[in-house]
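A, B, C and D label the chains in the order they appear, each numbered from 1.
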Amino acid sequence: MTLRVGIIGGTGYTGAELLRILVRHPYAELTAITSRAEAGNSVAELFPNLRGVTDLRFSDPGNTDLDACQLVFSATPNGIAMTQAERLLRAGVRMIDLAADFRIRDRVTWERWYEMTHACPALLDEAVYGLPELNRKRIRAARLVANPGCYPTAVILGALPLIEKGVVNLDDIIADAKSGVSGAGRSAKLATLFSEAADNFKAYGVSGHRHYPEIMQVFREVAGSAPGLTFVPHLVPMIRGIHATLYFKALDTNHDLTQLFSDRYAREIFVDVMDPPGLPETRSVKGANTCRIAVHQHAGGRVVVLSVIDNLVKGAAGQAIQNMNIMFDLDEDAGLDRLALVP
Amino acid sequence: MTLRVGIIGGTGYTGAELLRILVRHPYAELTAITSRAEAGNSVAELFPNLRGVTDLRFSDPGNTDLDACQLVFSATPNGIAMTQAERLLRAGVRMIDLAADFRIRDRVTWERWYEMTHACPALLDEAVYGLPELNRKRIRAARLVANPGCYPTAVILGALPLIEKGVVNLDDIIADAKSGVSGAGRSAKLATLFSEAADNFKAYGVSGHRHYPEIMQVFREVAGSAPGLTFVPHLVPMIRGIHATLYFKALDTNHDLTQLFSDRYAREIFVDVMDPPGLPETRSVKGANTCRIAVHQHAGGRVVVLSVIDNLVKGAAGQAIQNMNIMFDLDEDAGLDRLALVP
Amino acid sequence: MTLRVGIIGGTGYTGAELLRILVRHPYAELTAITSRAEAGNSVAELFPNLRGVTDLRFSDPGNTDLDACQLVFSATPNGIAMTQAERLLRAGVRMIDLAADFRIRDRVTWERWYEMTHACPALLDEAVYGLPELNRKRIRAARLVANPGCYPTAVILGALPLIEKGVVNLDDIIADAKSGVSGAGRSAKLATLFSEAADNFKAYGVSGHRHYPEIMQVFREVAGSAPGLTFVPHLVPMIRGIHATLYFKALDTNHDLTQLFSDRYAREIFVDVMDPPGLPETRSVKGANTCRIAVHQHAGGRVVVLSVIDNLVKGAAGQAIQNMNIMFDLDEDAGLDRLALVP
Amino acid sequence: MTLRVGIIGGTGYTGAELLRILVRHPYAELTAITSRAEAGNSVAELFPNLRGVTDLRFSDPGNTDLDACQLVFSATPNGIAMTQAERLLRAGVRMIDLAADFRIRDRVTWERWYEMTHACPALLDEAVYGLPELNRKRIRAARLVANPGCYPTAVILGALPLIEKGVVNLDDIIADAKSGVSGAGRSAKLATLFSEAADNFKAYGVSGHRHYPEIMQVFREVAGSAPGLTFVPHLVPMIRGIHATLYFKALDTNHDLTQLFSDRYAREIFVDVMDPPGLPETRSVKGANTCRIAVHQHAGGRVVVLSVIDNLVKGAAGQAIQNMNIMFDLDEDAGLDRLALVP
């Protein structure tokens, strides 16, 4: 079986990563990739790692028949997928949006955080939040999948077993998260220039970051009520990787929480729970779709969870392919690596 | 006036940084620097940035008359200064130890964390913890100064006003700290090789780090009782810099905590409190003796403090020189920069 | 068909890279990997990227029956393979040495550059220099393959067509080469610490580097006489990658040298010749077994060739696997990538 | 004496570096710094390393009386200084242009390489090329100084003694140069994003770079005829630093060329010639105004010169201040460091 897929807007890092995975995918064939700016140009010219691997060219969105695809990935900036979704779904094409257009179910919340009017509120309820470890069944049946943000993926997977089981105090969760620079995207910005970001470390978005309401939405649904969450993202001088350091208070200090995580993720091929005292490194998942987690229980009930992903893979394109595999009943790991590039 | 100073063991990064500062110090003259391994070799050969700036050579500790110095810095690994201190003090030489030998007043605690028998417990009580912003008066009179660790400097300065004023819940303080690789020293270790540490991020010492009891000792003294502290250090792929992200719960949400910090540090030339919403970057203090701090007050009483230093300057050699300046009644900023090298 | 292979000394970066490739190789099964220091330990503990991918453990060289392998890779430091080769070959095991023991055919030259007595000069003549693009036929039949050095691979592939065709002045070739830090290996050395190698650039080995006689040997054989070669290696603050900038003088300025390269490598799946004006980046081959080359012809006959490889893949482990594939009549690209990890 | 100086366009890296040096300069007072985009904003807000060090604000070029300055630095992109120079000179203000407007004496050559019509050809002849080691006397008297480019500074200082003495073959000089990313400036460009430039190495401008005619102009003047020069620049994943590797053929192999360099630069405080076999590192001049040089003489007459500078200091702002010091008879090293920030 060959699955015909298309990509809208494949010139950013998530688009490039979709390409990198799809060109080796055993069951999917990339039939079109659109870009207004790069229309006509060879994909391998823009992304030199694809030379000799694909002859694909970018096509103009206006001239591209995406309706012939069975699945379309939207890898555009926020605000584009919501203008395309209805038409594609009507044509029988399923869609995975790697941007944020369908991640927040509450329209008012979305519009406040994203500072736009939502162009397609009708689909907000139908869209499925594409975290396989949480929503696998619904993803399988979904027409429209909202692929999670990178920070939310690392934070939610590192918190899920604790919140589901109700073993930690929900009033006071701290997520101190650190991201590589590719998380800021491939558009030219002063703050992500090499000479600004290298040999430096800083927090940002301390007063509010768009991934906060996304994490909160999941926590609220799982817990049944809104938790107290403090989320502080930081910028690390590395290309790929997210490291979330999560702080909880255990309600009962006798639980073996590593066991709780191991049980919860026993059948998840892309979540790896380390034995204590585990110290997952971001490079241990570089290029891989794995989320690697370690749980540290301190005296007095303090729990520290360390959770790492590659922001472009499990935090974006890899997870999108995982969702595709689920939606079309393919092997869930088809085309995806658990083996990282180290050093 | 010229102050005659010596350095014991100046081949590590803190020794190199002492050299960098002392060769331009207006009032101090470095008369000797000892190293068993490098005895006879030119300092500028080992540290190429000193070529043309100093003709000094390393001398053998056995042949070096440090008694002629007014002040000796010990920049050796832990466990050496404690074997030298009594003799030097008896000879009328004052001493600043940049290692950890005299940082912990409680001998049992020290021996447990440092896994050595303390060779000089008699001086533990006399040694002054060399954080000028806390102990300036006692430093002025001290014969023996224990220069603080790098993490403790960043964490304590970011917490001090809150703990002194008792405006936060002491039961539950979280210090999520991140350090550049130079903090691990200049000895050849696998974990700090370029190919291991570059393009990577990880936590370490989650089960226990030697800077934990040091921070706790200060917090306990300032608060009057032992607080609950969780301290998690991380390794950042940059050379210099510490970024401490500190999480507190305010007891009263009406305080203007930035004002509290500004007032507390109003006369401190090496502490810079930013207006909200400040986001201090580690590079903004690269090469400088400044600690730069921003305070974020969230709804619900959560307080996030960001505190950055250069681990080799305010976190080590710069603070040692600041202590020297205080001990000998020199301008406190003599030889020290507030201007960082950016980009 | 499954090929039984073993690795001697798999704890360095080339060993780790052999592991990374072999665990996904469709036809090879790694049956043993020896390490005196790590005997009994899990491979995935040492190399966290292999967690969940292999259960293999290091075994003691004394207790390991490598004779049951059809092929053994030696990934030890220089000087070990030459003590193992005779015994293995006698047992009918073929061998690929990733170190330098069998790269130089002239024993006296080898001993001068490597400062050791050669333990197995009898095999120097039989050993085949494992550059497939030069010696494919002899590799196919070889019992013992000397896998080329990383610099020689990049330099030779960037020079071969010119030297074979005799279109450049052989008296005066300049190879200005730049390498990532992983080329220096995984042993703890001061010069390759993060804080020494990051944010820095330097030449080294200007007075003489062991890869010089290796390149010269190939050039001499291909040209029929010894050329004049100046080789200057440099250290780049990146993990993987070699960039060779080669300077030649064309004897005839009318040749289309890009065409010459394209023709020469037309059937080579791991050599990619770019159209002018090509600027190959090292990251375009990160993790891939590709050598990417561009040729620039300047007015006056000056020719500049740019040649990039991943030093751990085409410059070491990938080329070794390519040699294995050739020796055992497997698809030459089995298990090997042409797709790089970018960004 | 206090010298009143102004800066036009101080928001790039060379402007920031001028600021960093001028705020500590003992004799100069920065009275105005203009920027259309940042007018009214505090300098310390844009450059966080200046917090607490200066209260200066950017002013609008239209409202700024630069005529009251004795010296104005132009740190704008190419093409601006040439529109300001005549007016300032007429008002009696001397000028140092850190861009390229007055570096090339031949108008036609300049217009071809810079793809603009020159707005002020009348001053091309008067402008003095501001390399103190070459033109100190003329700089002292100059009204208008063209501050050299970064690559030309490293390359020319590494070649000057050889060309002046005529001891090398002028037909065939190769300059293989490597630069840190800050050399590309502080404007947002895709190619200099962290995720594009980090962990990567590449050549660029192989078909032609604007610093080529600048180097050629000096070589031609010094040699008396045009040499044959091949110049290939490369991008290094580090912030600051240029490393030029220069290849010459000696006409007479008996010369001690290190001695020749030492003699030539004996009275130059910012040129440091190392004894053989010297390997200057870029970090050894980080933040310093030093050019550090080593000369390697190989058998057969091949000469390799290694020359390093900090591209923002000796390659831009530091050299501009050195020129200022010369023009106003100040100590030539006033405000300038020879001490680098290492590690």
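By definition in this document, a contact is a pair of C-beta atoms (placed from the backbone, for glycine too) under 8 Å apart; a residue touches a chain by one contact, two chains touch by 3 or more.
Given the structure is predicted, the values throughout are model-derived calculations rather than measurements.
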At the largest C-alpha centroid distance from chain A we find chain D
The larger set of C-beta contacts, choosing between B-D and B-C, lies at B-D
Interface of copies chain C and chain D: same or different residues on the two sides (over or under half shared)? same
For the pair chain C and chain D, the C-alpha centroid-to-centroid distance in angstrom is 39
The distance between the C-alpha centres of chain B and chain C, rounded to whole Å, is 45
Taking each chain's mean CA coordinate, chain B and chain D are separated, in whole Å, by 37
Touching at least 2 other chains, the residues of chain D are 13, 180, 182, 186, 195-196, 198-199, 237-240, 280-281, 283, 286, 343
Counting only contacts in the complex, chain C reaches chain A at residues 13, 16, 20, 23-24, 47-53, 182, 186, 198-199, 239-240, 272, 274, 280-281, 283-288, 290, 292, 312, 338-343
Note: in the complex, chain C contacts chain D through residues 172, 174, 176, 178, 180, 195-196, 198-204, 206-207, 228, 230, 232, 234, 236-241, 243, 245, 247, 249, 277, 279-283, 286, 296, 298, 300, 302, 304, 306, 308, 343
The answer for chain C against chain B in the complex is residues 13, 180-182, 186-190, 192-199, 237-239
